[in-house]
Each structure stands twice: as structure tokens, then as C-alpha cells.
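Alright, structures below, take your time with them.
Each of the next two complexes has chain A plus one more chain, namely chain B in the first and chain C in the second.
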Partner chain A sequence: MTHALTDAWRHRVFYLFALPFAALTIVFGLWPIVLSVQVSMTQSATALRPDPVWVGFANYARVLADPLFVASLGRTLLYTVLAVAANLAFALAFATLLDSTVLRRFNMVFRLAVFLPVVTPDVAGFVVWRWLYDRSFGAVNAALAAVGVPPFGGIASPDTVMWAILVAEMWNHSGFYIVIFLANLAIRDKALEEAAAIDGASAWQRWRHVILPQLRPALVINGVYALIQFLKTFTVVVVMTKGGPSGSTNFVSYYAYQMFDQGRYGEATAMATILFAVVIVISVTAYRLGERGDHR
Partner chain B sequence: MARIRDALIGALAIGALSAGTPAAAQQLTVWHDLGDTGIAWFQRMSDEFAKTKPGVTVRSLSFPTDQWFGRVIGAINTGSPPDLIFNNYERVIRIQAQTGKVMDLKPVLDRIADKGFLGEDDLRVATYDGKMIILPVQRVQMAMGVRQSWLDKTGETFPQTWEDVRRIAAKFRDSDPDGNGRADTFGMALQAAKPRDLIHMLDLFTFGSGLRNTLIDPQGNITIDRPEHAEVLEEFLKTYTSYRFLPPDTINHSFNEMYQVIDGGRAGIFRVGDWNVRRWDDPKTLNGDFVSGPWPSFRGRPNSVVIGGMRGVGIPDNSPNKALAVEFATFMLGKAAQQASLEVMGAAVRKDLEVGTLSPRSQWFAKAEHRLVAYDFPESVHTWYPELEAAFHRKLLEGITSPPADWKPFIAQTAAEMRAMAQRLRGG
Partner chain C sequence: MIRPVRLVWTVLAYATATLVSLIFLYPYWWMLIGAFRRTRDVLTDPLVLWPEQIEFSVFASIARVGGVELWRYAANSLAITVASTLLGVMVTALGAYALVRRPTLPGFGLLRGGFLLTIMYPYMLLVIPVYIVMYKLGLLGSYLGIVLFLALGPLQFFLFEQFFRSIPKEVIEAAIIDGASEWNVLTRVVMPMAKPVVATVALITFLLNWAQWFPILVISATPDTYTLPVALLSLNSELGSNFQGIMALAAITTLPPAILFVFAQKRVMEGMASGAVKG
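Showing the complex of A and B:
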């Protein structure tokens, strides 16, 4: 105890500077989460009153008994798996390409092009994607028709809508993952690749067994970040599909938002809390798995 | 003595000063979702109201509809509500359901002498769970709109029957009525992005064609598989699917996207509400190139224009200036406020208003000489109805998304599911 206090006193300047940010984190980060959990245990009609009616876990029970919510949760998890896999695979492939000598010319142009969507406002980007997919005048089907390919259902078909928004989200987010991979690629030990080449390893073997293991930090960071991002998918749904067609993209965030819109605060915050718990559990598990495998 | 005289002079001076000071200004606050047009309307009513209530002003705040719910519910529940709220009756129902604190305006209405213009249907849709939660101020009329120039070009007149609609919609789709040489026009425009989007569309087909219930009758019996209902429902579902009258992305179209199709001159037949006329009279949209009429008839049943709802004013039980709020709510049914409502918002409930300054299309709604049928409003009797209705809309949307080869079994199956659900919701 004395040692801890002595240690804290020795680093008092650090703590002094960190204090305002810690306070801000508690007030604006943790406190709203605590309040949200509190609201999830109150009757919706009284949730915002000074003396709400406490209902314990009744809202959670109601939400978990709702087949629409269970379907929504399953859909969210499926989309997350698909979106994380697709985004990371694309980002890794594109980063490898940018790092190679293949795209040496105009390399900066490609880097800029792939990162521009990240800084483009989500809503504007998704509105354009919506137009691209339009089956009356959209560019996607016009291009397919030009080469004689049957039309793509896009966001109007329950069979294709998840893929359609996944592509739009990949356009929007993958630039960020690519930058992280590029940073990791830049600091790798290239001598190992030279040694492997001298030992007769093919290009694929060098990438698979020498480069990829060195990208573990970027994979873990990108993986955890992507999991969090796609579990919370919301904007693309609001702008492009409104949960449809026929509930095919009614993910948990959007479903909770609809509940909130109807003044059903108890159920809405119960859904949000369940999603929060899922995000935390999956993210921490993914992070731990990533760290555990790191034997450097 | 001198002291008494000084005191008297002082008292007189204070009295004189207070008499010369104007009465303290009072402000009523109204929350609505009508945007700038609504703000202009309330400002005009505020000016009129001040003529009889000097010093009183009415300040209106407009919120996007989804924010309006949260703010009103939150404000009422935390004891900081506005003096009045203004919105569609169905939205005020949700406020009442979530707060239980919307004032019963029945005694207020009873005290109003000049109310003969309010019909039985108007009052019914203003009542929920035994309470009159709004004073009806604007009747929401929904009719069928058709592009006049497209009718002329295809040699047709305004459709009277559903068969007419099908023939004309096919012509609008196939015969390039806008004359631009491209196949870019559609017979009709509807919306279906969310299950809830179906409600107004289904109301038009149902009540416009002479039926009295969309899903259940007043006793709570499911009606959709009765022959006359099933026929209309089947045509409704085919309109979204096999008839190909609609833009192929209608399944993603909510209000905004539907309006884009209509405003952009790509659909020939559409729903026209009294609140739409001003917008579509504008040269930037349809430039008045449309004609309105009742929804077409099915099997010779009398057809009509649909009262799709009622916009009205409600007062929170904990309104800060409740007495004055009641006075203003009463004033909103008076001729001056109603005239302002008609001229600015395009809708009112009184029928004795001056309509000469309105466009012919607005006059058609304002005079309301056509047959009017109101939404049956089952939630006023069966409080479990909204949950049943939501499931019904989801089921219909599933059908529209993945259409069956034959709609008859689908309708029969849906009716069976709705019966089972209704029984469960009733606790039976």
C-alpha cells in the first residue's frame, strides 16, 4: 500500500495531467452507459421520470422472447462474420499489392483513392451507393446489362441485400484497415524474406509463412475494430434499406433505434445493453485469442 | 397627519404606476413536426389570437417526427412539457400510451357551441381509450391523383373503376406518356420500405373501395379472408408485384423516395393528400398537372376519398399554462384559425371557409363535396390492435418481397395466423 502511494506520488505529474481526461471519460463515456443500463431496468412509460417504476430484468426477458429480436441478433452476427472476413481479406490483399513493386507507379494515387471514402461522410457515400444499385436507373445494372449479365437484385431483394450493403460498407471502411496493414508492412523485417528467398521459398510461401505472421498486430487491431464496427452497423441501414426488404437488414442497432423511436425506452436500452455485452465479449475474446497466439 | 397624507400619496403613485404598466406578457409553446410551413401557420394564428388576448404570444417549435416523439414523451415524463402538442392522432395516441398524461378534451369540446362541422368519424378518431386526446383541427384526406397530361396523351379519362386503373397504369408504363423516347415511366407510385409504410396504401385500397375495415371488424373478427376483402387485398398485393406498375425498387421506398418518383414525373397514378397539393402545384414539381378524385370502385361498391387520419391539438395534463392552452386549442377550431390552416397548411375541418384564393386542386379538397370514409380506427376499441396490425404488415411485406404463385392461399394462411394472434393478444 505504502509502496503504491509512493509510486503514485512519484508519478504525480502524470496523474495530474491524466486526471481531466479520466474525468471526461467517466462523465461522457461510462456514465451514459450506466444510465442506459439503468433505463433498461425501468418501465418504458416511466423511464424518464425522476421516480421510474423498476421492473428488474423484465425488459430483457421481453426482448429475448421477441422472435424479431432473436432473428435480428442472428442476422447481425452473420453480417458481422461476413463483413469482417470480407473487409480484412480485401484490405490485406490490397495492402500487399500497394506494398509490392506491382503498383510502384501511381502508388500514392492508389493510397489516396482507397483512403478517400474513409473521410467521406457516411451518409453521402451510402446515398450514392443507393443510386448505383437502383434497378430503374442505377449504374450497376446498366453495366451488367451492357455485358449481357442478368440484373442484380441489389438492395431490393432479400437474397442480395446483405451483399449489396457489405460492398458499400467495404468501400467506406476498408481504407482504414489498409492503412493499418500498410503501417505494419512498413516495419516488418525484410531480411527474413531475403533469407527465405535464398532458401528457395516461393513468393506465396514467403507471404504465407514469413510476411503474414509478422502482420499479426495489424490483424488483431483490425479484427477487433472491425468486429466492433460491424456488430454496431447502423448508418448504412438507415440510409439504404431501413431494415428491409422485409426485415432482411433489421440489425440490432436499427431495431433498438426503432423501439426508441416508439418511446419504448426500456426495451430499446435492453437491446442496446445486450448488444453492448455481445460486442464486449466478442471483442475481448478476439483480442485475447490474437494475443495468445503471439509468440514473438 | 402628514405621515398619513404621504402614505396615501405614495400608495396612489404606486397604483398609478402599476395601472400604466402593461400586463405581463404570456407565451404559449406548441411542439409539432410541420416544419417551416407549420411555424408560419402558428405565427399567423398567434397574431389572430393576440387580438382577443393582448400580450399573449404563441411560439411553435418544429421537430423531425421521430425526435418529436422522444422530446414530447421525455418532457411530459420529466415535468417540463410544452403547453400544447400538435400532430396526427395516431402519434398522440403513442404519447398517451407512453405517458398517460394527455388531457381529456371532451369537456372542452362540450363547451364549444360552434362544432357542427365535426362529424362522427372526426370525433371517433380523436378518442382513445375513452379519452378525447386531441381536438380535431385538420382532416387528413387522401385521394387518387393522376397526371392530366398523361391521361390526355393516352386518350383516357380519370379512372372510375379498378379495371380502369389497371388499363391506364399499363398504358402509362408502356406508351411513353412523357414523350422523352425512353421507357422510364411507371403506372403508379406507392411505398413499402417498412411494414408501417403499407398502412396508408392499404387504407386507400380498403376504405377507398367501399370496405369498412382493413383487418378486423368492431367485434375483433378478422375480415381479410371474406370474399370482398380478399379480392381487394389480392389486387393490392398484385399491384406491388405481378402487375409491374411500380418502380422495381418500391420495396426500398419510404415517403421520401415515393415523393421523388412523383415529383420527378415518373409515375402517373399516386396517392394525393390534401397536404400534397401545394407541393405539386409548384412549377418545380408537377406544376399542377394532376387531377384528384376518389379511389376507384370495386364491383360497383360506392367509392370514396379516405380520411386517413386527423391532425389535432392535445394538451399535456401537466401543461404549464393549462387554462390558456385550453383557450388557444378552442380558438384553433374558430373560423380565423381554420382559414389560416386551410390557406397555409391546405387542410381544415370547417366547411364554411373562403376557398376562392386556392388552386382548383386545393379547392377540391377544401370543399370536400365527395364521399368521405374514415379509417376504422380499431385501436380506439381494441388496445391490442397495433401489435396485430404490425404483424399483419410484416406478413404482407414478406409476401410482397417473395411473392407466392397464388395469393389466395397466402391470404387464407395470413387470416389464420392473424386469428390465432388476435386470440392470444385478447388473452383467450
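Showing the complex of A and C:
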């Protein structure tokens, strides 16, 4: 103990270096999380008072008994599965294409095009997509009509809205996943492919059995990132659908935000804590599965 | 001589890559010409690739949004982004440096774990209790509250951590044997080496914080502290939508980071990829 203290005193300058970082982490990171858990156990109307009324897990019970919340959680999980699969499949395919020796020229231009939406303010991107889908202003239905395809319901119909925001989010996020795959493809062992080619493996066999196994690190990183990303889908809903039509995009984070907006802090933070638990469980499981496969 | 099969593949690959790229870029073009076309023309033909006439009247219609002048949103965006980037780079660099140099000091392991927990927490759900924190600290509606909250980010921390870990121990030990204090080691040895990573982190932080909207909306008490994305969101939600105005404001919000990215694309893409991989 005394040793640790003298050690700490000897290196006190490092505490000085870390102090601002620690202060911001505690005040704007850890304190809000503690508050969130604390508020989730108090009565909403009294949550912000110095002497809130404690209700234990009543907010959690109410939230879990709320059919709208259960439906919202189901929608969130469904959307997450669809969005993760679509984004990773597209990103993997496009990264493979960009990595091929065939596409030497303009390669940087193609990368730039797919990555630009990643650094575009998401509000601006989704505002544009909202209007692209518009029945009278939008280019999407005008283009479909021009080639003789029946109109797409877009964000106006409960049947198509999930696909519509999925496409907009793919536009927004997939560039990031593509760049991660490309970084992984660049460091793979190309000698293995040459050996496989000499052994008579077809291009598909080489991709499937030689390249794909080497992309496991990127698949794990992208998989975990995408899971976290889409479980907390929020901005696209605020900008494009406001949870509608008829609740079909009322994902958990948006539902929690609505509660917060109505001053129902107890329910809002209870939902936040539940979603946090879901995110942790799912992402840790995904990570473990990815890691375990590594030691085959 | 190129074999015909290979030629077919080359053509197909270029056709696919070009088509995908055009689909990704089309919304930008549609937004830009939408800002200059009259609403009437857009309704008649949403697909044209060149505006019938360049109309600047739209900028008069968005000179004020939600009772605040447009230039103020732009100034807020610039001020908040620059301030939070500078603060974030300094605080994160120092913090990551201390944690990498002396990971076993009492409390440092806890600090790193606490930071990791914070970034695992779904961001928009963290913002809700941040409202309560700001309320308790009396920072609701202040620029200071917004800047302080935007300063920290996971990508920035991982990039710095990764860089400081890559510095050979011998370099620092040599300086200490020569009698340099820790402060001198930092300012004379480490900081000159860190210039490229500082530039990368500053660039990425700028791009990420320029795009921020939710914490700013939550911490703001009035539109006076809104940035361009928040103003765009409120214009988009207003009834009786001004399509042309929305496209113009979206273009104004998008252009600064887009231009910055085009000039620094390699650094941004590599930085974001390696920050994510190490995290």
C-alpha cells in the first residue's frame, strides 16, 4: 500500500496529464450513466428533484408490460438483423471488387464516392433521402416510373418503410465497412492464392476458401460495429419517419427519446438501460463467437 | 495482348464500380440542383440533371430559420466544432499518453475501464441523462456545456493510444537519462513525433463534431446555440415545407466537411479504419 502510494507520488505528473481526461470522462460519461440507472428507479415527476420518490424496478415492470415497447424491441431486432446482413454483404462484395487487380485506375475515386457519405452530416444525408423518396418531389419514384416499374411506397407505407430507411442507412454507413474490409484485404497473404491457383482452384474457390477465412478479423470488427450501430438506430428515424407510419419504425432509442421528451424520465431511462443490456449481451456474444472461430 | 475473357471482366468490373459510385454520389447532385431549381420545376420533373435556371432567391428564404439568422448557425457550427476539436485533441492526447506510459498507476486501470464503459453506452441514450447533468451543473443552454460534451470520443482515444504505444521505450528512457523532466520528454520528444497523428485526430474530430446534432439539440435551451445540422432538422420539421430552402441548407451543411474530406481523403479513411480496428 505505502509502496503504491509512493509510486503514485513519484509519478504525480502523470495524474496531472490525465486529470482533464478523467474529469470529462467522469462528469460527462460515468455520471450520466449512474444518473440514468438512478433515474430509472424513481418516479418520473420527481426525478429531477433533490428528493426523488424511489420506486425500485416499477419503471422496468411498466416498460416491459407495455405492448408498444415489446413491439418496438422486436422491430429494432428485426431491423438490426436485416441491416447488418445487407451492409456487410454489400460492403464485402464491393470491397472485393475494389481490391481486384482489374480495377487499377480510378480506384481512389470509387473509394471516395462510397466513403463520402460517412463524413457527411447524417442529418443532411437523411433529409435528402427523405425527399428523394417523396411521392411528388422525389427522384426515386420518378426514376422507377421512367423505366416502367410500379411506384415504391418509400417511407409513406408501413410495408416498405424499413427497406427505405435501410437503403438510406446503407448509403450512409457502408463506406466505413468497405474501408475496414479493404484494409484487411490489403494485408492478406497473396502467396496462398497463387498456390491455390497453381493447384487448379477456381476464382470462386480461391475467394471462398483462401481469401474469406483471412477476412475474419474485419468480419468480426464490422459485425460488432454494425450490430451496435443498428441496434441504436435513431437519427434516420428522427429525420425521415418519426417512428411511423403507424409505429413501424418506432425503434427503442426513438421510443425512449419520445418518453424523455414528454418528461417521463423514469420510463425513458429504464428503456435506455434495457437497450444498453441488449447491446452489451449481443455484441459480447458476437465478439466471442468471432474469436472462438479463430482458434479452430 | 489482353485475353478477351479478361477484357469482359474488366468492363464488367468498371461498369459495376461506376454505377455504384454514381448511385452514392447522386443524392449530392440532386441536393445541389434542388437548391437552385424552382419548386414548381422540381414537381414537374424531379430527375433533370441540370437546373433550368440558377435561382439564388432561395438564400433569402433561409436567411432566418426558426427566428435565428443563418449566419449565426454557421458561426455556431464553426466555433463549436473548432473549440471542441482543439479541446478534445489536447485532453485526449494527454490522457492517452499518461495511460500508456504508466498503465499500472493506481486508478489508471479504472479510468480506462470507465472510459470504455462510457463508449459502450448507446450514444443517444447517454445524451438523455447528460441533460440532467447539464441541468445540475447549470450548463444547459451554454456553449461551454456543448463543447465540453463533444470533446471526448472513442476513435480519438484509440488513435492516440495506438500511436503512443508504438513509441519505443528506449527513446523516452534515453531522454530521461539525459536529465529531461517528464514535461520536457512530452514537449521536446513525444510531441514533435506526434504531429501526424495529431493532424489525423484533429481532422477526424472536426468531421465527426461538425455532424453532431443530438447533444447540441438536447443541451441547447434556445435555437441561439444551434449548429447547421440542428437548424436543418428544425427546418425539415417545420410545416409547409420549403423544399428549395431545405436542399440549400443541406448543401451548406454538407459542403465544408465534403471539401475537407476530398483534400484529406487518404488520411481520413486510414485514420478511421485504424482507429476502429484497434478499438
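The working rule: the second predicted complex is superposed on the first by the 267 of 296 C-alpha atoms of A that agree within 3 Å, B and C clash if a C-alpha of one lies under 4 Å from a C-alpha of the other, contacts with A are read in each partner's own complex, and residues count from 1 in each chain.
One rule holds for everything that comes next: a residue touches a chain if its C-beta (ideal position, glycine included) is under 8 Å from a C-beta of that chain, and two chains touch if they have at least 3 such contacts.
Source: prediction; values computed, not measured.
Undergrad: After lining up the shared chain so the two structures overlap, which partner does A:135 touch, if you call chain B first and chain C second: first, second, both or neither?
TA: first
Undergrad: In the superposed arrangement, which partner chain does A:56 touch: chain B (first), chain C (second), both, or neither?
TA: A:56 contacts neither chain B nor chain C.
Undergrad: For A:158, using the defined touch cut-off, is the partner it touches chain B, chain C, both, or neither? Pick first, second, both or neither.
TA: After superposition on chain A, A:158 lies in contact with chain B alone.
Undergrad: Using the superposition on chain A described above, determine whether A:253 touches chain B (first), chain C (second), both, or neither.
TA: second
Undergrad: Of the two partner chains, chain B (first) and chain C (second), which one does A:243 touch, if any: first, second, both, or neither?
TA: A:243: touches chain B, not chain C.
Undergrad: Once the structures are superposed on A, label A:263 by its partner contacts, choosing first (chain B), second (chain C), both or neither.
TA: A:263 sits against chain B, while chain C stays out of touch.
Undergrad: Would you sort A:148 into first (chain B), second (chain C), both or neither based on which partner it touches?
TA: neither
Undergrad: With both complexes superposed on chain A, which partner does A:22 reach: first (chain B), second (chain C), both or neither?
TA: A:22 sits against chain C, while chain B stays out of touch.
Undergrad: Which chain makes contact with more of the residues of chain A, chain B or else chain C?
TA: The partner with more contacted residues on chain A is C.
Undergrad: Could you say whether A:45 touches chain B, chain C, both of them, or neither, answering first, second, both or neither?
TA: first
Undergrad: Kindly list the residues of chain A that each of chain B and chain C touches, one partner per complex.
TA: 47-48, 130, 136-137, 260.
Undergrad: Show which residues of chain C lie in contact with chain A when the two form their complex.
TA: Of all residues in chain C, those touching chain A are 6, 9-10, 13-14, 16-18, 20-22, 24-28, 30-31, 34, 42-43, 45-47, 90-92, 94-99, 101-102, 105-108, 111, 114-115, 117-126, 128-133, 135, 137, 148-149, 151-152, 182-183, 186, 207, 210-211, 213-214, 228-230, 232-233, 236, 243, 246-247, 250, 253-254, 257-258, 260-262, 265-266, 268-270, 272-274, 276-277.
Undergrad: Help me check something: in the complex, which residues belonging to chain A touch chain C?
TA: Going through chain A, the ones touching chain C are 4-5, 7-8, 11, 13-15, 17-18, 20-22, 24-33, 35-36, 39, 47-48, 94, 97-98, 100, 102-103, 106, 108-125, 127-132, 136-139, 142-143, 146, 171, 175-176, 179-180, 182-183, 217, 221, 225, 228, 231-232, 234-235, 238-239, 253, 256-257, 260, 265, 268-269, 271-272, 275-276, 279-280, 283.
Undergrad: Given the complex with chain B, which residues does chain A contribute to the contact?
TA: Contact set of chain A toward chain B: 44-50, 130, 134-137, 154-158, 240-248, 260-264.
Undergrad: For a test of understanding, state which residues of chain B touch chain A in their complex under the given definition.
TA: Residues of chain B touching chain A: 66, 69-70, 73-74, 77-79, 94-95, 97-100, 184, 192-194, 247-249, 251-252, 254, 266, 394, 397-398, 400-402.
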